[in-house]
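Next come two complexes built around chain A: one with chain B, the other with chain C.
And now, the complex of A and B:
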């Protein structure tokens, strides 16, 4: 029986996609796999063969601080993004479809606007002589400009703004799939709105939060433009440090090692995401 | 493997490489490169028939990648002098052919076997008159938070300048700056660190001062000059101004070396240097250039302020570039 099945498998098999995927696979191999291997090689061969670049990165307080700070920023950005995105996603999920698609369009449109332009816009808003501080000082709420830029506050504001769509989109998918009757049932059973949120809505939306959260976290880890423009040197992130090693110090071995570590961490997080959420649910949710 | 990859990378970079009777000039963009295009490239194209393509900004990592990959897309590059000395040592540069480039009138301070001067400049203390009460008299005032509160802006990258400013402000005599006492410099910088806003491009330094986002800062004199031309309300102190130079180099393996040498000869000629100085506010590196310039322009250049002027030690920096950079970035990230 089993032999028979095995024998028949080729007939039942779906037409394989290898032929059609060939151009994409070649591209990925040429422009991703090969450079990554090269990066790894550079990190263990420059300036001399060995693991000294990794030893420097792990042994030096400065680099450790940059690593830590990178994780801190990514964590803060992810947390704030989840908090800001949830109500928006919920509103989108329960809105009449016509209105919902307009709001959706606005969110998508913001994603299509140039990243640099949006970040510069925040600079204009947040700086000491910027719109926000000027207004607050003019109406007498503050006498000294608030430090909104060149620090963690600036980075968080700028990055949350850019990450929001990546959180909202998967979350809307998950929230839409939740049967509204469950909430009504909770209310009928005497649950307060907060209880219904905490015990019904939140647990059911966790897959969406996890999918969006991990995506935002991973994207934040490698972010360059926004932290560079809105942050200060004392909260430097990994990508900026790598650029510095490559462009200013010309220490490509060390830069490659740092980039490779960033890649490993990212892949580990992705693996975790697959484990937690399941590949199907994740891609289906987006 | 590594070689193949560097080759691919360099090949991609070189996709923009110039054809015969063309060459590529790379500099830092902004008002400075505009002046270089107008004063050097345009007359050179007219007289030689060689087309000069503009690229930029200068990127030391890219330059190294091109040379190592053997596919050099840049023929003449404007770089900081301490980098040029280091890069020559690392074998990244072509030696200059002084049979083509006349050496006699070139300022020997900025001429090496592998580089000729591009222009020289001073770091000066500039401030926004609307944002500062009183007039800062010198570098020490940038460290006086009670007398001069507010944000101050300094050059972000590890380069000659800020360390020396901190040491001078801390009372080190100008002739005792080198070898640099890094511990002392960073200790001094620590006292104002929270009030520092870093600028990483000339345009940004102008924007910070003009808007009052930073009350004062250490700027390139040419950028202050441009602000004054535009009518911005800025003050400037030349007290203990610090000179450093940009130089022109030819990356090793340049495909248009002969054209590049001719370009260097033209760019460093008295006439081209005079034109550039007038357009940019930076000083010429050809000693015969002054004769070609209007008297009021001569008066506005760094060599009109030699009293108390400090020459940043490019050789010291070339020698210690990596060591200082490591500490500099570690301190910044703290």
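And now, the complex of A and C:
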């Protein structure tokens, strides 16, 4: 009956058109696509037309070191984040809700606290005379303060801190979606806990680990604030170098060439991630 | 029995202990900064020799801090409203539209979330210098709306996907106009998604540092720019006081969000 009724009134079957997306499309085209493309054009037109900016970037050892640093930090941060996040996500997936909501609350509080506030705290905590060095010296583990800031150690600690929630939260979803019966079956068939972990739990959570890890890696590659404040001048990362080329050196050609390389790598990895998890899963993440 | 909380055995103690350590790690800087803001040592010695409110007095004595906070609030409010309205309209097309390239469009509208902010920051900085929007409130609002848009679209499309369209159709069958049906049936049904969108979009602008650093002018700076500027000079405890107020704001926002979500979902 009702199907029939709907059938007779074509207006109900008419889907919403593309029209609603027009304001968003206009905004993004005018104030995102056009400025970014214009910037990228400057990399091949300034100071003179040609590819000399890219030749400089790839030919100079200083820049090669920045690229290497950036990949190194992003890789280490991703690896540490995955290893630390997995057990936490595992517990959160099966914990009693009362206990779990406390941990979730702490994760959200950390995630929503102003980025500069968190980075400032780490600057104070990690400095030469900071709490961490003082404590380690007091209990006699070290006799000299450890260099924890203005180097890659500081950057790694600060970045892992910021990335952890982005890894834990999606991973909880992945782990909750695993049917506990599969593990019970493994135990019944005589698998040791270690075997069950290695051959069932880990492989089943691999899609979540891959998706989250890729996201953390991509975010780390282009991160600006934390590496700039916790890192040293001698081991700059790519985003900081781009900002410096534009802001201090006013070298728009070289800066936009470096920006283009960062954009290219990021977008390639983003495309890979979309293929891995599908656009739907990605966008349902929050 | 690895996914059975009650049958994990010794592993449960180990995993719980580890989870507790990570939770402490996540909580450490937040608690530390609040304690530090009441400490009397200018050199941020910890534990502080004595307790004081002088950093808060210094903070409130400097009108630049309050002004920066108000600027941030103004820009974030405008950006959040724009992002939610534009995002809401776009979400209907993205979820229900049947046209070629729908997934491409979705990807495009979400790209500002993925592209490293520093690339967008220098691009929009150069662009606004050229068209005369550099260092203006309008420029700030536009740039932040672009960055906030994905954070508005994601929760709204998720809510809309979970909403049964036949209910909206039923309203039309009962005589409502399509617009009326959307306004009075669909929007109330997805209000939690819209509410999340508003919170996320506001935070995306309120916390935004990189674009703001490039766009700021001596007469127009947001709170993150003010903090950034102070951080680059020294690690003054006044920043700890400002940071503690931001932590307080985050906490209140979390509580209000939880309360409103509970109320809306009834």
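List of remarks:
Just so it is clear, the second predicted complex is superposed on the first by the 260 of 286 C-alpha atoms of A that agree within 3 Å, B and C clash if a C-alpha of one lies under 4 Å from a C-alpha of the other, contacts with A are read in each partner's own complex, and residues count from 1 in each chain.
As a working rule, a residue touches a chain if its C-beta (ideal position, glycine included) is under 8 Å from a C-beta of that chain, and two chains touch if they have at least 3 such contacts.
Quick caveat: nothing in here was measured; it's all calculated off a predicted structure.
In the superposition on chain A, A:246 contacts both chain B and chain C.
Applying the stated contact rule after C-alpha superposition, one finds that A:150 touches chain B and leaves chain C untouched. Contact with chain B, but none with chain C, is seen for A:45 once the two complexes are overlaid on the shared chain.
Once chain A of one complex is fitted onto chain A of the other, the partner contacts of A:128 are limited to chain B, with no touch recorded for chain C. In the superposition on chain A, A:66 makes contact with chain B only, not with chain C. Once the two complexes are laid over each other on the shared chain, residue contacts for A:237 go to neither chain B nor chain C. With both structures placed on the common chain, the touch criterion links A:35 to chain B and to chain C. Between chain B and chain C, C contacts the larger number of chain A residues. Contact with neither chain B nor chain C is seen for A:159 once the two complexes are overlaid on the shared chain.
Touched by chain B in one complex and by chain C in the other are residues 34-35, 38, 42, 127, 129, 246-247, 252 of chain A.
Residues 34-35, 37-38, 41-42, 45, 60-62, 65-66, 127-129, 150, 232-234, 236, 241, 244, 246-252 of chain A are the ones touching chain B in the complex. Across the complex, chain C meets chain A through its residues 1-5, 11, 15-16, 18-19, 22-23, 25-30, 32-33, 36, 43-46, 86-87, 89-99, 103, 105-112, 114-127, 142-143, 145-146, 149, 151, 153-155, 157-158, 161, 169, 172-173, 178, 196, 200, 203, 207, 209-210, 213-214, 224, 227-228, 231, 235, 239-240, 243, 246-247, 250-251, 253-254. Taken in their complex, chain A has these residues touching chain C: 5-6, 9, 11-12, 15-25, 27-28, 31-36, 38-39, 42, 84, 87-88, 90-96, 102-103, 105-110, 112-125, 127, 129-131, 134, 161, 164-165, 175, 178, 180, 183-184, 187, 193, 196-197, 200-201, 218, 221-225, 229, 239, 242-243, 246-247, 252, 255-256, 259, 262-263, 266-267, 270, 274, 279, 283-286.
Chain B contributes residues 1-2, 5, 8, 59-61, 64, 151, 156-158, 193, 197-198, 211-213, 322, 325-326, 329-330, 332-334 to its touches with chain A in the complex.
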